[in-house]
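The structure appears below as structure tokens.
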Amino acid sequence: MNSRSLLLNAYVYAVLAFVLVPIIIILPMAFSDTNYLTFPPEGFTLHWFGDFFGNSRWMKALRFSAEIAALTALVTTVVGTMACYALVRGAGRIGALFQGLLIGPIVVPHIALAVALYLFFQKTGLSGTVAGYVFAHSVIAMPFVVFTVAAALTSVDPALEDAAMSCGATRFTAFRLVTLPLILPNVLSGGLFAFIISFDEPVIAFFLAGIRDKTLPRMMFDNIEQNLTPVIPAIAVLLTCLSILVLVGAALLRRASVRTTAAPAQD
Amino acid sequence: MLDGRTADGAAISLRGLEKRFGSLAAVDDVSIDIESGEFLALLGPSGSGKSTILMSLAGFERPTKGQILIDGVDCTPLPPHKRNIGMVFQHYTLFPHLSVVENVAFPLKMRKVAKSERIRRAEAALKTVRLEGYGQRAPKQLSGGQQQRVALARAIVYNPRVLLMDEPLSALDKNLREEMQLEIKRLHSELGITVVFVTHDQGEALTMADRVAILKEGRLQQISPARELYERPANLFAASFIGEMNQIPVDYDGGVVRLGGGQAIALPQEALVQPVPPGKAVLAVRPERVRLVDATSADALPVRLRDVVYAGAGTLVIGDLADGTEIRARIPSADSADLRAGTTLHMGFPPGAMLLYGGGAA
Amino acid sequence: MLDGRTADGAAISLRGLEKRFGSLAAVDDVSIDIESGEFLALLGPSGSGKSTILMSLAGFERPTKGQILIDGVDCTPLPPHKRNIGMVFQHYTLFPHLSVVENVAFPLKMRKVAKSERIRRAEAALKTVRLEGYGQRAPKQLSGGQQQRVALARAIVYNPRVLLMDEPLSALDKNLREEMQLEIKRLHSELGITVVFVTHDQGEALTMADRVAILKEGRLQQISPARELYERPANLFAASFIGEMNQIPVDYDGGVVRLGGGQAIALPQEALVQPVPPGKAVLAVRPERVRLVDATSADALPVRLRDVVYAGAGTLVIGDLADGTEIRARIPSADSADLRAGTTLHMGFPPGAMLLYGGGAA
Amino acid sequence: DEVVLATTGGLMRNMMEEYMYLPFEDETGTTVIPFDIEVPDQWARAEGMMRTKNVEFDIVTATGPDLVGRTDMLMDIPCDKLENVKEFGLKGACQPKGVARTTGGMVLAYNKDAFDGKAPQNWADFWDTETFPGPRGLPDTGDKDWWVPAVALLADGVKKEDLFPLDLDRAYKKLDEIRPKIAVWWKTGNQVQQIMRDNEVVMTMSYSGRALATIKEGAPFAMAWDGAIRDTGYFSILKDAPNAEGALKFIDFFYGNSEGQPKFISAVGYATSTSNGLTKLPEDEQKLYATYPANYEVLVDPDFKWIGDNRDMLRERWTAWLAQ
Amino acid sequence: MIAEFFRPDGRHLSKAGITLLMLPFFALIFFAFLYPLVSLLSISVLEPQPTLENYRKVVDNPIYLTVLLRTLWIALLVSLLSLALAFPVAWLMARSKGPKVAFITACILLPFWSSVLVRTAAWAVLLQRHGLINEGLQLIGITSEPVRLLYTQGAVVVAMTHVLMPFMVLPIYGALRNIPADYARAAAICGANPLRTFREVYLPLTMPGIIGGFILVFLTSLGYFITPALLGSPQEMMIATLISQQIREYLDWPFAAALVGVLTLFVTVITLAFSKVFRFDRMMGGAA
């Protein structure tokens, strides 16, 4: 390695450190004995995990957020895949409109959307309801899902569907038996994306929080603003474990699917 | 042999087929009658409408005019999955998430054949394309040629009476292509199925088909057996599209042609494929029929040698006639050892090698 | 003509070149001397090390052993941008963000030539490849063949003394490829530049090159002029790699070979390219040299016809010798009208057409 | 049956739950649904609810000026119908638009260890960066638009009695002096605790209850009551509240809960306006509360009427000054 | 915009089929995006009575203009800083193979997996007066006493960069990865040294990725709320905080709507101006 690439590597690893340090440094604070955040943490306790799991409000928020995120993932993948399919297999003028609308939720600041939705949902009684959150989160997650699915869909040769139809499949059967299995990994990862976006959405939740139910990020925001305790790092620890589990699971799944396509398979 | 095969191939009739995309007529009033069990090649330059005809046959495109009859039944409005036609595409269209045998069994699954029966018939079809034992592999574990053979097996497993192929070999390299050509011919004669085969490779069309249909800009130019097409092309387009062809502008007086350099050549009657009015015409001769002759020979035309290109089996000799018209001859390399660019030699056209067409050069 | 061209092509010497990737020797002790102004083709199957040799010449790969001399100067350790070599790649060679003329002027810009001078010389180079007037276009507005011609212009605009080409035509279709072959040959003779040309298309190598080097698994097999290579290949690998070749297993007793069916053929002395010890050997004959002969003829071998494939100019006749060895003949279509599969006929090998190699078939 | 009660979160909410909401539910079967929200935010919500005619809060938390400035949003309180308020409430506890909940002060909290034994006494010392060097904190939340100018005037020598109407020109001139020393404009009660705990500041204006909590945690801080601003939080009821009846019942229960009151006060760090509250604590502890007579005496008693009438002007001055 | 990405291909669906498949999408976007946004914007011109007064207030009052300009400035800083951090990362990724790319990608994408709130809290802890960074600075002797880091513009910029930088890496990496190695070879053989190859070939070809990433980060920064709210001070107030303040504290819906209108206008103009390079599929760099 010459000096130039040494320098480049050093710079890049410094940047990576910048990215990682704040994410990592917060984790040990979850075990701090103090009821505020310090680094390095003082003492050791699992109290804050108990505080999280033992508190019905945190648990309620967790369940509420999980429900919203799951539904958001479902709605975006189904709606997004339908739209993508239509687009990739036949665009036209409607496609341009689609793309214009798709980019909207990315560039329009979430604060603007949040305020607009707050007003609208108050009028329609959707404020604070699961449906309201799912609508709002679906809008902001949609571009990511569409992109992920479209990337897979464009790489599926349309001739495969033609082939299936020439074998006697209807278009829907061809989609179900040929296209869908091929884009499934991307559909799933799009759904996962949507889940995370919804699960971690603080701005819209900030405005939409209803009287009875709050999402986890909104609870966390309150905690940070009102009374920042090591419950926040404890949640971070839990989320990190969860995401590691998901990532490892996904990797295993991928390896398994590689094996089934490479090795003998019966239907 | 495949199971339950009893029927012969279907007869197909295209009647006044037209397909427009906006103002463009991709297929323009094409009528072809294909006999039961015939092997027909559709040949033409890119964009000439070959695929569009095939897609109309398969049901993927709805013609804007005309009819498609299969065994006398009008199936113009039927969707693809109801036509019971086998089809092989240009690119590898095996389903990558299914094993080879599952791929081949797919059409049977669509036809609700029981599973064990499906597997049995799929294995039989794989045997027909000489791929027994490959059933459990994933498609991408096969070579390109093997993949196309699986596609072939999938297209014939349900005993369709018609098999459509859209440039099935164009993605293969030369050796594999030749091997597959023989394979497909063998299958065709074994199964007695009607085959419509699209290609833009003239050698392929000539080698494989009973008859070749030549298309240009959506219109049918000629439909004949290979030998007739090569030896007596109907017009200059067909003549120059198939194989190489010297085109020499001449004046025709009804019996004798006069070259730019002044030489006159008497034409035998069979040189006219279609009647040619006296006046400007084009004399067409295939390079491999051109002979090197002595200067003293009656039909000797002096040619100034421009280039001698050694190409293994044959040597391409390029030169100019007296009036500057380029002329090419392909001679066995064994005879070409002492040819040098810049010298002058003499060429002659055997009477049976000449064809005459009216109008200017193509 | 290009500006300021005075120098002839450079002479190149590869001395004991070796390039290892881990344990694999991609190039294994290759020594070649290329004359000034020579057109050398590197030919070989995929993975035989052709590109690696070219990349070493260009300076993109550092050989693990050996030297590269250009005009006697060792330039093994020089980086590519200091070698002053022209190069045309297979794919993606033009910079998409620059216009055609900017692409061609790019090497001059790197050499700090003033702008107006750059443009003038780029236009001249474009003219050399017959693309005047295309300068303002974007590369993607050109056809594949035109793009490769621009790449050619860019490679010669700075008057390099060596031009390297790595399968520059393999992405083009057949017609374009043939046109470009002639174009490149013309340029080569016009400019007097030394050309090293990689291809895996034997026809291309034979047609274009002064000499062809055949590689296999990183080792040089033969380096000769095209005709010698085709007519007197040094070994069975070269024989079968270039063109078609019938390979008939025989017993050799030092003068006469005996076929599986029992027939004996006396060999002329020149049939041995290299000495062959008595014992098992292979008799090699090119299909286009095989003749149909009368049964009474002295050298007549009975052949059972398996297939007659009409292919326009020639007809391929495939049959089996008495011992089952497949034999192919290519005969003019004019002579093949009445051949039928299943019948028996006789073939003969002209004495000058036979070659003998020791050992088993390749 | 349920009552929705909007209030600040954290300690206040938790202690209210423990000592008031749950006992109330036990006694009446009515659930109190607490909604954690900062006071300004709460008004925005209420405004949105009024706009869309979908009122969800019953009880909101109002400050003194709110009782004057937001009369159109608030229901009238029938003081004479609230038996316990009549019985236990101190003078002025029940206002036409709200009933006092807790009283604290915006005190000067300082680090005892930061100034070599010297201790700042009042706002003038807050401005005295020579004698008391170090970073300071001021609020950017709640009623900052008059709190901060008011203490600036005090620091500039204006007497407590002459504060209102505020001389804003003079106040902001004084504020310009201290501005560079303000390290933190804190936005929440938690944040002011955090900056004391972390020594982000040596001196800050703070909610007395938050300062108290930090002191109890062991931080080396103390409070100066001289010139602290009285800050009373009121229970108010929104017009068109879904359960105004239940809301009144809860307020009355809050006053009547003699058992819970002292524990609540001790836990939350703020005193209630009841006769059954602070006085029940040990004398020593009482001194830490705003309503302890010695402290109450030196508090600034704001002119809510004037503030309410000049709210927009106050706000605009503040925003303009702070954001520049 | 993303037209080529969604290039029609193969057998077409019928018009009715396309419409039916797209209907749920359009319905969702209409009801949960377009309609609410438009009705909010309509407030800004209809209330208290039909008027442009609210917009005049934005322009007239120097405070609001200051906030607006500051927002643009901070967004610009964040975008520039992100670019400076992201480019070398993308470059190294495009240069490397296998596990190294996977590792860097994982590091860059990791933040997507951790809550924005948690990260903001982490920065608050790091930047404290006696936080790790201050201690570190003192340890290596750059400062002798704690400096103020938290609640400053710097804190906001750094934390926002931390959150947004990945959005810059991906499009640049995507652009770099799509440049075939043969271009570099072609340049080298034409006589370009590595530096020139970079300047003449890589830089121009990466430009769409750079501009795209830059715009994405810039636009996102414009409307940023969480980080400035938790790490900034009133002196660093950005437009999102101002909007939130107008709604949360001052209850001035029409004026807040006008601010949303101004912000939306900005965003729309920038998006349209760069619509050629601002392609969302590129933004994701194909690394999703």
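Note that the chains are named A, B, C, D and E in the order they appear, and that numbering of residues resets to 1 at the start of each chain.
In the analysis below, contacts are C-beta pairs under 8 Å (C-beta built on N, C-alpha and C of every residue); 3 or more make two chains touch, one makes a residue touch a chain.
Being a predicted model, the structure only gives us computed values, none of them experimental.
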Checklist outcome for this item: In the contact graph of chains, the distance from subunit A to subunit C in steps is 2
Item to check | Highest C-beta pair count, chain pair | outcome: A-E
Item to check | Distance between chain centroids, defined by C-alpha means - subunit D, subunit E (Å) | outcome: 39
Checklist entry - Between subunit C and subunit D, what is the separation of their C-alpha centroids in Å? => result 92
Next on the checklist: Using Cα averages as centroids, what's the distance between subunit A and subunit E in whole Å?
Outcome noted: 18
Checklist entry - Touching two or more other chains, which residues of subunit B qualify? => result 60
Checklist entry - What are the residues of subunit A that contact at least two other chains? => result 119, 157, 159, 162, 225, 228
Checklist entry - Could you say which residues in subunit D touch two or more other chains, in rising order? => result 38, 48, 51
Checklist entry - Tell me, which parts of subunit E touch subunit C in their complex? => result 180, 182-183, 185-193, 196, 200-201, 204-205
Checklist entry - Given the complex with subunit B, which residues does subunit A contribute to the contact? => result 157, 159-160, 162-170, 173, 177-178, 181-182, 261-267
Checklist entry - Hey, which residues of subunit E end up touching subunit D in the complex? => result 61, 63, 66-67, 128-131, 148, 150-151, 233-235, 237, 247-251, 253
Checklist entry - Which part of subunit D faces subunit A closely enough to touch in the complex? => result 4, 8-11, 33, 35-36, 38, 48-49, 51-52, 54, 56-57, 187-191, 193-194, 197, 217
Next on the checklist: Quick check on the complex: what are the subunit E residues that touch subunit A?
Outcome noted: 1-3, 5-13, 15, 17-19, 21-22, 24-26, 28-29, 31-37, 39-40, 43, 85-86, 88-89, 91-92, 104, 107-108, 110-126, 131-132, 162, 165-166, 216, 219-220, 222-226, 230, 240, 243-244, 247, 253, 256-257, 260, 263-264, 267-268, 270-271, 278, 280-281, 284, 286, 288
